[in-house]
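Structures are listed in the sections that come next.
Two complexes, one shared chain (chain A), two partners (chain B, chain C).
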Partner chain A sequence: MVENARSINIVASILLAIGILYIVGPLYLTLSTASQSYEYMLRNGLAWVPGTELFANMGKVIHDTRIPVQMLNSMIVAFSNALATCALSFLSAYAIVYFRIRWAGVAFALILATIMLPLDIRVITTYQVASNIFSPLNAVLDFTGLNSLIEMAFGSPVQLELSVLDTHFGLVAPLVAHGTGTFLFRQFFMTLPKDLFKAARMDGAGPIRFLIDILLPLARASFASLFVLTFLSGWTQYLWPLVGASTPDMQTAVVGLARLVPDADGQVPDFPMIMAGAVLVSLVPLTMIAVLQRFLVQGLVLSEK
Partner chain B sequence: MTAIDLSIRAAAAEIALIGVTKSYDAKNTIIPPIDVTLRPGEFTVVLGPSGCGKSTLLQMIAGLERVSSGKIVIGGREVQDLEPKHRGCAMVFQNYALYPHMTVAENMAYSLKVAGVSKAERAERVGTVAKMLGLADYLTRKPSQLSGGQRQRVAIGRAIIREPGVLLFDEPLSNLDAQLRHDMRVELAELHRRIGATSVFVTHDQVEAMTLADRILILNKGHIEQFDTPKAIYHHPASVFVAKFIGSPPMNILEVEGDGSVLRLADGQVVANYSAKGKFQLGIRPEDIAVNEGGSIKTEIRYREDLGSHEILETKIADQNLRIAMPFGVEIDTTQTLSLSFPQARLHLFDGETGRAIANAFGDAHSAPVKEYQ
Partner chain C sequence: MSSESSLFSHRWLPALLLAPLMLLIVLFFYVPVFQAFYWSFFLEQPFGGGSEFVGLQNFQRVLSDPEFWGATGRTVVFMLTASSLAVVVPLMLAIAADRKIGMSYPARNILVWPKGIAGASIGVVFAFIFNPFVGLMAPLNSLFPGLWNPGIDGTDAFITLVSAHVWSGIPFNFVILLAGLRSIPPTMYQAAAMDGAGPWRRIFDVQLPLIMPQLFLTFVLEFTESITSVFALIDTITGGGPGGSTTLLVYKIYVDGFRGFDLSGASTQTAILMVFVLLLAACQFFFIGRRINYER
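And now, the complex of A and B:
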């Protein structure tokens, strides 16, 4: 028995060590590379030992690249994404759970469908819409024949055009259209006593008061965890910001990092600087997790307290 | 009564339902037209099997569900189109429905806060109600830190703090254990005496109904089977449904046929004299059956249950179940055939088709007339 347990322990420890190596290895390489100079890297290749150039490299990132302004973009995108997602999800879950709405089940199913059709799959259509947010409307007008009527009456068909590419709104809006939050809040609301809404109505509190006085305080932990998760996801988005913003001043930090690798062949990228940039860009989500990790666990463990 | 007792006292209101109906969808009618008047200060228990529409009825009075048609008049005001807060009702829910993040005091004071009552007055009212309900030591606790009985008390406190003219209870005791349920029953009866609000109490438990009610309203598939005092309902059930619902164990119901002079069971045994022909249902309570006193109805014991204070004998006559309750101390030889007789004065006769009671079927001797309520 004892021997048995020990051999299991040894195997488990080895597996754990491999796992740690797998995760920590690249992280270590990132840090060690970030702390060496470009010349050192050119001479020695991979930087296995840490050097002293970390702050110098970071300084280079701050002064010589667009990373600072791109980090600001990331901040705006991630923050608005988190805030808008929280608010929208909370309200839509509230409507679905507490009101007798026709087609509530269908609405919820459609919201859930967004989880199965992530932005990465819809990126081309999303780009088309973002390049002219009225294009769906135009298409509907064309399709239903309304436009030909309008053309007869006014001389020309309606063709509205407004592009949100290269704007913060354009970067954020497609990210917000995502059902995970609604699902999270719905599940949380279902764990609450089911007569709570009625009790509040008897106490004279209408739907808005119930929302503010009862649901909001109860959902605090869910809010915090959803906020952290959507913030992180917004911060680390790559594909959509890459497509949705084309000028360096509108790009996000993650896209900016990738762009630090020169396009031209033959030139060795300044990996120490790029890695210093990666460290810099990771600091924000890292701080976020450190501060709010308590809520992360609390909000995801859906329990009635 | 002390000064505290007097300070929470409601102006009881009359509740009248006039042709009230309810259906959630076109197919099913949950409540067919109901007409009923509950007197001011009266404690009405709405009793019925689960799913018969008790909660729906209560929530229509409260304003949580809209009526499909008809009028609800509370204290002389038509309220069927008013929001709950304008109806002067308060409600106690089965699963307490306390606000989990608020303390006991905050829970009870929430309605006052919404109504804009000053902080000082809120604290005073909470103090009064808490003292009344024995919650004074728990005011700063959260609901999760309370026992089931204490939570139910908080829910009651939350309801009475506004001194509503109408108090509504939706199976408030069904989540409690037997002992606590008994204690809370006593407390509720006491509380009702002190507050005096018109109370409507929904339950499927006949003991709660019998002990708490001034009048019991028995609901079956949304319609009223009988609305009367507990005594009258016990002694003069208006239908087979009521007869089977009230009493523990419930009344025996036997299919009988009248030939113009007597009522016979399917196997030909004569159970009573009666002068009409046709199919009937004959009711007799288990405790009213006379055993081994020279009766002519023969049966054998299939199973006996000793409950200490009395004993239940399960028998069968003419292929129909018959329960007999024997008082403590009566010795019976269970191996012998029993001879039973049904005292005429204790029999209830119901129409074979409709199940409605046939009044005075066996003459006026039929159990002492019950004094009408009030």
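And now, the complex of A and C:
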């Protein structure tokens, strides 16, 4: 289509330039300040030009703080969140779409409802459950009166106790209890032609074989998208790891970074060191975005449809 | 072959496949949600000291607390300002990036970056950039003392929060809206151009009406998102201050529950917030969602 669209193109270019500046500006200032010394920052405030102290500041973060251990925690949390979400969502979407079960709609609705109330809202009671994951079972036993029967028979009621606070499992499990992945795979399965299923059945494929030999290879792109999405979400969590892990060695890097800023006012904090920490903590997810951007964009679009 | 036979029949396999995710969801979603409502009717001693049924007393206590209403009011103000900016800014950027111009390629790449930066990380960065003594505004502050100080002025702190929220909300909304724009068939533009609509006019008469579904969805999600994800920003930028002027409900619940050990109060507020979020989504679907034409 040939037409004169100069005015709108100029405005669009200016808008995009402002947008890019808005995104990159804070990142640049973080990096340039991270490369200056504390004394330079005290004299000049935030740094517009990069200095030479970047590795010295990063060294301070690595040697003087728990960030390295916490980055390992973040890695474990993000990785297992991504892996578990991919695997469990794939299986449950498979059960919902490809099996004749009467309660498929109910199961899907129950899973989907989790999207409505994010973990940050229900953090108080999730913490209580995590502090003893058998508490619901105990409550059910008490409520149904089974426990008094057990007490009569064995002398004492059942009161199981197991806390998952301060464990990697406890940090990950509430993140996996989420419906986006199931939704994404269900959407994907619905787009596959029905004949695929019929052909596989005619060739004698059972449920497991169909799952492994046909669906798994076809879903590779969906897996990649969901993996990137959940990895990033695991890495960037804040409130849950903040309360779910109380010792510095179990906390994630993002929580550790926030703890670098001293609470008390008074002396100006060592911002170059803190900014170097921010650079370190963001390095892994940003690399991931740079390398796997295609899948991230695809995942964002798919999780919405 | 009937459509029914294009499904497997198996007695226990589907249940087994669903079990792991269902177990996690029941344990870490439905039990906590239920418990928040349950506890709001009980006076709960901190961390396992027994409980006592008190009926609606918790609700009376919370609803008569001016701090609760202050936090609720600020939550609504934040929700309206931050989420509308967090949709409108990406919308303008998406419309711009949809044009075939040199800038649109780098923009599509760069505008996704914030997705990889945690809310708390960008909070730490923004706390530094907007620091009144060493940050961006420090030179202006030395010329006009007291012009900018988020540590004292609640409005300044609020602005910092909103700008950080918009920053981290750009990738998701931008990608969704751009995908919507790109799925508009080119014939629509050609038809509009034939009728004499220039590129500016087509924004309002073709593009905006046709991406209404995406726009609606980003708004629905953004409302919940702005209420919850703001916690990381508040905790790293303002700590709820100055003078409680940035204490939003999600932060107040955390402070009451984990620092004040007021489990009943925190659960009651959690229950109220949950009802609020669910009602909000329901309202949006019934009152606005219905008017949107999903046909193309």
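As a working rule, the second predicted complex is superposed on the first by the 287 of 305 C-alpha atoms of A that agree within 3 Å, B and C clash if a C-alpha of one lies under 4 Å from a C-alpha of the other, contacts with A are read in each partner's own complex, and residues count from 1 in each chain.
Following the convention adopted for this analysis, a residue touches a chain if its C-beta (ideal position, glycine included) is under 8 Å from a C-beta of that chain, and two chains touch if they have at least 3 such contacts.
These figures come from a predicted structure and were not determined experimentally.
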I'd like to know which partner A:A258 touches here: chain B for first, chain C for second, both or neither. second
Thinking of the overlay built on chain A, is A:A205 touched by chain B (first), by chain C (second), by both, or by neither? first
So, does A:L192 touch the first partner chain B, the second partner chain C, both, or neither? first
So, does A:L27 touch the first partner chain B, the second partner chain C, both, or neither? second
Which of the two partners, first being chain B and second being chain C, lies in contact with A:L218: first, second, both, or neither? first
Contact breadth on chain A, by residue count: chain C or chain B: C
Which chain A residues come up in both lists, the one for chain B and the one for chain C? 194, 198, 206, 304
The chain A residues in contact with chain C across the complex are 1, 3, 5, 7-9, 11-13, 15-17, 19-20, 22-24, 26-27, 29-30, 33, 41-42, 45-46, 88-89, 91-92, 94-96, 98-101, 104, 107, 110-111, 113-114, 116-118, 120-131, 133, 136, 173-174, 176-179, 182, 194, 197-198, 206-207, 210, 232, 235-239, 242-243, 254-255, 257-258, 260-261, 263, 265, 268, 271, 274-275, 278, 281-282, 285-286, 288-289, 293, 296-297, 300-301, 304
Could you please specify the touching residues of chain A with respect to chain B in the complex? 192-196, 198-206, 209, 213-214, 217-218, 304-305
Along chain B, where are the residues that touch chain A in the complex? 59, 62-64, 83-85, 89-91, 93-101, 110-111, 114-115, 144, 158-159
Quick one: which bits of chain C touch chain A in the complex? Just the residue numbers, please. 1, 3-4, 6-10, 13-15, 17-18, 20-22, 24-33, 35-36, 39, 47, 89, 92-93, 95-97, 99, 101-104, 106-107, 109-129, 131, 133-136, 138-139, 151, 167, 170-172, 175-176, 179, 186, 189-190, 193, 198-200, 214, 217, 224-225, 227-229, 231-232, 235-236, 239, 250, 253-254, 257-258, 263, 266-267, 270, 273-274, 277-278, 281
